[in-house]
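Could you have a look at this structure, given as structure tokens, before my questions?
Naming follows writing order (A, B, C and D), and every chain is counted from residue 1.
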């Protein structure tokens, strides 16, 4: 089990190797990447920032919960911080398990919990030069740049 | 979209690159690997064989169905044939999608359909030198080697 | 007519071959291949496996044509 | 007592700082930090965000101790 906040690019293949043990029959990887648009607006990159001490501790709790709930010690998560260009990975979750269903369920649990409770924020940079903090609790994020939500 | 039967080791990282497009926000990878035991018997390797023409066409159909059902063209599957050692990947499924839920659902759909209908068979090789064709329709696969099920 | 029959995995092992040529009446259906293999070749092939005709799953009542390839499909175990 | 208050992302931008020192009565609770920040510093911090005390999510009625670090947590957007 491992959960880390990282500044350098995430090496998904390394995460796969980290969990890919001989007892396993199934390995899953989920990678969240920077998409080229959001709500129809062209995105050029995303800046991730965190309450690092708390984000790190919440990530570790989530990994521990996943491990217990789904029955595998082989859960590894990395979340990247800083400025990410298009296509770069912001988060990667690797799980291995003797059976495929719990491997997949654990992966989904981890990403859903991250989205709910890990104190990480992102600011999207748009093609028109503006940028905005993303607020998933608002349906539309098309306010003007810098505006507080 | 791509679905292939392969003889050489599966390069999961290459599959990830193949689907990892800029429109995506989520990439999933599922890898089935050779486990070191089955029903409590130590396994040393697994031999995969197929009705190649049909397996290839069923795999392609499954990928097409996943693409249509979950709304992404970025679905790639490789299934390996031949003798695989412990820890080697027998199947890998990479999907990318703008959203994470359908990316994960598509991945699960593909592996479940493969298990149901792609004409591929495996013979487990055990530590005691015996080997057996695996029959998932039987609950216990602990018959003597070579016995027909 | 002449029909090519494919066998795989445990079925090929049971029969001792992974393909057979069967001579069948021109009205034969997919299910007749199974019946004939069990009657003439080996009872180790079970009575109701999945069948395929020309690399597609087929119902037992599908008609066979000259030159078709009919396969008896053991329980699949891919993935 | 002296309490360190952390602000992040849009809240830090609204307030113009990512940390503040607040002087609060020794009976203060987590919710009081929010009330004081909104009263003294900026109404741009909304009335009911998530709060944390010493890097753990905290209820508004939790007591604060000298030296605690209290954070006002904007809607999270990780992943």
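Structural remarks
Note that contacts are C-beta pairs under 8 Å (C-beta built on N, C-alpha and C of every residue); 3 or more make two chains touch, one makes a residue touch a chain.
What you are looking at is a predicted structure, and each value in this text was computed from that prediction instead of being measured.
Taken together, chain A and chain C share the touching chains B.
Each chain gets one centre point, the mean of its Cα atoms, and the points for chain C and chain D are 73 Å apart. Mean C-alpha position of chain B lies 25 Å from that of chain C.
Taking each chain's centre as the mean of its C-alpha atoms, chain B lies 50 Å from chain D.
Shown for chain C are the residues in touch with two or more other chains, namely 79.
With touch defined as above, residues shared between interfaces to two or more other chains in chain A number as follows: 32, 100, 111.
Pairwise, the chains that make contact are A-B, A-D, B-C.
On the side of chain B, the complex with chain C involves touching residues 32, 48-51, 53-55, 57, 79, 90-91, 111, 114-123, 133-138, 146, 148-149. Chain D makes touch with chain A in their complex at residues 6, 8-11, 13-14, 44, 52, 55-57, 71, 73-79.
Residues of chain A that touch chain B in their complex: 12-13, 16, 20-37, 86-87, 96, 98, 100, 103-104, 107-108, 111.
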